[in-house]
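Dropping the structure in here first, questions after.
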Amino acid sequence: MSRSAFASLRDEVLAANLRIPAAGLATLTWGNVSGVDREAGVFVIKPSGVPYDRLRAEHLVVVALDDGRVVEGELRPSTDTETHRSLYRAFPSIGGVTHTHSPHAVAFAQARRPIPVLGTTHADTFDGPVPVTEPLSAEQCAADYEFNTGQVIVELLEGDDERARTVPAALVAHHGPFTWGADADGSLEHAVICEAVAEMALHTLSLGAARPPQHLLDRHFTRKHGAGAYYGNPGAV
Amino acid sequence: MSRSAFASLRDEVLAANLRIPAAGLATLTWGNVSGVDREAGVFVIKPSGVPYDRLRAEHLVVVALDDGRVVEGELRPSTDTETHRSLYRAFPSIGGVTHTHSPHAVAFAQARRPIPVLGTTHADTFDGPVPVTEPLSAEQCAADYEFNTGQVIVELLEGDDERARTVPAALVAHHGPFTWGADADGSLEHAVICEAVAEMALHTLSLGAARPPQHLLDRHFTRKHGAGAYYGNPGAV
Amino acid sequence: MSRSAFASLRDEVLAANLRIPAAGLATLTWGNVSGVDREAGVFVIKPSGVPYDRLRAEHLVVVALDDGRVVEGELRPSTDTETHRSLYRAFPSIGGVTHTHSPHAVAFAQARRPIPVLGTTHADTFDGPVPVTEPLSAEQCAADYEFNTGQVIVELLEGDDERARTVPAALVAHHGPFTWGADADGSLEHAVICEAVAEMALHTLSLGAARPPQHLLDRHFTRKHGAGAYYGNPGAV
Amino acid sequence: MSRSAFASLRDEVLAANLRIPAAGLATLTWGNVSGVDREAGVFVIKPSGVPYDRLRAEHLVVVALDDGRVVEGELRPSTDTETHRSLYRAFPSIGGVTHTHSPHAVAFAQARRPIPVLGTTHADTFDGPVPVTEPLSAEQCAADYEFNTGQVIVELLEGDDERARTVPAALVAHHGPFTWGADADGSLEHAVICEAVAEMALHTLSLGAARPPQHLLDRHFTRKHGAGAYYGNPGAV
C-alpha cells in the first residue's frame, strides 16, 4: 500500500483499537473504534472480523462521512461503520467513536435501564445517567439497520451536541454501549469508564443504592470539564 | 510417531483446544475440543487429563465415528469422547464440538434454565434461547453414560440438524455447555460466546430483564447467517 | 543450607504453593500448601508472610507431626501450621493440605452455608456438599486457636477418614476453605475446584437452584473414584 | 533533575503506586499512593494523570504537609493530594495513604453502607467494620473540596488516631475507599485487603450473612496486632 494521506489518523485509531483487549473489554473481535478527520470528510475504522492481535494500521478502512463509501482500504469496514457515521454526522463535537459489548454495560442495555449516577466515579465523566434508547422499530430494522442504530441515539439526545458532550455515552436497547470523545482514544476511555461504572452500579444496586447529593456530582463533573477544570492534567511528562 | 494421515486436523484441533485457556474458559484440564473428518469417518479429540500447557498435536487421539475405537494415539481420549461421537452421528452439519465447564453457562445448566435471548450479542449467533436438556435418567446413567449425555441433547433438538445449525449450543442439565460449529475452531468460538451471553444474561436478570422485539433479534441473526449474511467477514488479510 | 533429607518433598510443596497465585486464588500472601512424609513423621509447609514470587524450596519449613516443633528451616512456618498438623493427625489418608481465602468459598464460610451439590462439576470431586463447621467457641479461641481450627473440622467429620476421602474439603465458619488430598498437589487441586464450584453455586443460587438427581451425582463421583474409576487418567505423556 | 533529598521515599512511593495495577485495583490512572517524611514535613505523591506504565520516581511530587505547596517536582500532584494531606495532619500514626476506585469497595461507598465484619479475612486487618462517611455538604463541596474529602473521614473517626490505627480504612460516601498504614506500601496493602473483603462481603450478603462471634474476630485481630502479635512475620528471608 502506498503511503496513506491519513497515516497519522490510522495510527491513532489503531492504538485505540488495541486498547480494547488491553482494557479487558473484548470478547473475540467484538468492539471497534474510529476516529474522524472532519476537514477531509472521512473517518478511519477497524475492519470487520480481524482479530486484535493481527490488526495493523494498513488494515484500517477510510470511509467517507457523506455517503459511507470506502475511500481507502482493501478490507470491509466494521459492520458498525454506519452507526459511527450516523453519530459523526449528528454531533459535530465528536472526534472518535467506540462500540463494545462489555458485559456490565450490555446488561443495563438489555434490561433497558440507564446506568444511574451513584457516585463520583460516574460524575467525573458523565454529567447524568448514561441513557438507554428505545428499541429500534421493525421499520428501522428493515432497512439501513446500522445507520438507524446511530439514529436512535441521535433521537434519544434530540440531536443536541451539548448533551453529547456532557454525557459522551449511550446504551442502545438490547444491544450495548456506544461512546464518543474528542478523538479515537478519548472515545475508548469513555468505553472503559462506561463499563467500570456499570459494574459498580450493578454491585451498588444489589446492596441497595443511596442517592448522592447533586452538589457532589456537580463538583466532580466541573473539576474535570469546562472553564475551571483542574483534574487529571499532568502538565507534561 | 510416524506422520499421521490426519496431521492437518490434529493441528486445527490442537489450536482450538489451546484457545480454551486463552479465552479464560478453563479450570484445570476441564474442557475439550474435537474436529471431524467425515470422509475418513474419524474425529480428533483431546486426550484425558493432559494440561493445556503440555498438550501437543501428537497427544491428540483419533477416534472412529462408527464405534468409538481409537484409530491413532497412545493416550486415552477425553472422557467426554462418546458425547462428542453421539453429536457427530446425529447432526451431519457439525464439524467440531467443544465442551467446557465455564462458570456462567454451568450456572444456567445447574439451575435447569435456558439462557434467554436478551439482546443482539446472543442473537448474532444463537437464533433462540440456548436450551437445557432433561436430567439423564437412572437408566441413561447406568450404561453408556457419556454417549447418553450426547443423546439427551439429540432428543432435546429432536435430532433436527437445522435446529443444531441455528442454535449451535445446548446445556446438559446439572452438567454444562456443549457447543458445535462448522469446524473445531467454530465450535470453540460458540463456547466463548455461550459463556459471554450467559454472564450478560445473569447480570441482566439481576437488573430485571426486558423482552427484546423479535424483529431486532431476527435482523441480527440473519445479518450473520444465511444467504444475506454480511457480518464479520473481513474479505482477506 | 546443606542438602535436606526432604528435598523431594520440598520441591513438591513449593510447586503446589506456586500454583496458588497461578490459579488466581491468592490475595497478597494468603494461602498455603503443605505435604507430609508419614514415615519420617514430618510435614513441609510454606513459611509465614513470604510473597509467592520470592518463595524458594529452602524457605519451606519442616515441622514434626507429633508436637509441631520445627525440624528444619530458618523461617517461621505459616501461622496455619497447627491447623494442618491437626488434620494430618486426625486423617491418616491425607498426604497434603491447602488453605486459601478464595473469595467465593469464603463467602459460603462467612454465610455458614455448605456449598451445595448442584451439578457434575461438584460431584466429580466431592461426594456431597462441602460442609461448614460450627464457629470456634471462646475456649477454642483462647488457647491453641490454630490447632483448634483443625479440630472443628475433625469434629465436623467425626474424625472419619472415609468422609475425609469422599469430600476432601471443609469450610471453617467465618474463616474459609481447607482442602486436602493424596499429596500437596492434590490438595491444591481440590482448593481450585472448591472455589470453582463455590462460584458456580453462587451464580446458580441467584438463578434459583434445581436439585440434581442422585444417580447423576453418583455416576460422576464413581467414574473418578474407587475401583471402577476411568476419568482423567491420561495413561502416559 | 538533581538528586532529590527524598530519593528513598520516592522509590518507596513509586513501588507502592506500581502495585495498584499489579493488584488489579486500577482502571485507567485512577488510584494513587503517597508516603510521608514527618521530620522533613513533606509527603511524596503520584502526579495527576500519568499512566502507571510510564510512571518513574522523578515524576513523583513532593508536597509540604503544612500548606500543600509543591516542594519538588515539575508535574501537578494528584488531584487527591489535599485529601492525603488532610489525613496526614489529623492522624500522626499514618505513614502512607492510598486511594483507589476498586469496584466492590466503591459499591459499598455508593450504597453508603459500611463493609461489615463477616469473617477472619476482615478481622485480620480491620478491628471493626470499614465505616462510611456522611456525604459532603454543599459548603464542603464549594471550597477546598479535596481537603474536605479528608476532613469528613477525620470527622467520622472523631480525629482519633487510635481508631485510625485499628481500622486503617474508610469509605467516603458516593466516592470510594481511602486506606492508610505505617508507610506507603502498608497503605497499599490495606487497599488490596479492603477490596478483597468488600468482594467477599458482597457475595456473603447475597447468600444471607451470619454474624461471627466477637471472640473469633478479636483473636484474629490480636494475633496480627499489638503486643502479642505473631502472624505474618517471616523472620528474615
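Note that the chains are named A, B, C and D in the order they appear, and that numbering of residues resets to 1 at the start of each chain.
Just so we're on the same page, a residue touches a chain if its C-beta (ideal position, glycine included) is under 8 Å from a C-beta of that chain, and two chains touch if they have at least 3 such contacts.
Note that this is a predicted model, so its numbers are computed, not measured.
Least step count on the touch graph, chain A to chain C: 2.
At the interface between chain B and chain C, under half of the residue numbers involved are used by both copies, so each side presents largely different positions.
Overlaying the C-alpha trace of chain A on that of chain D calls for a turn of 90°, given as a multiple of 5.
Averaging C-alpha coordinates per chain places the centre of chain A 32 Å away from that of chain B. For the pair chain B and chain D, the distance between mean C-alpha positions equals 46 Å.
Residue positions of chain A touching 2 or more other chains, listed in rising order: 206.
A ring topology is adopted by the chain contact network, closed into one cycle in which each chain touches exactly two others. Contact annotation for chain pairs lists A-B, A-D, B-C, C-D, with touch applied as defined. Those residues of chain D that touch chain A in the shared complex are 27-30, 47-50, 54, 59, 74-76, 79, 101, 103-104, 106-113, 135-138, 141-142, 145, 173-176, 202, 205-206. Put simply, chain A touches chain D in their complex at residues 118-121, 189, 192-193, 196, 199-201, 203-204, 206-210, 212-213, 215-216, 218-219, 223, 230-237.
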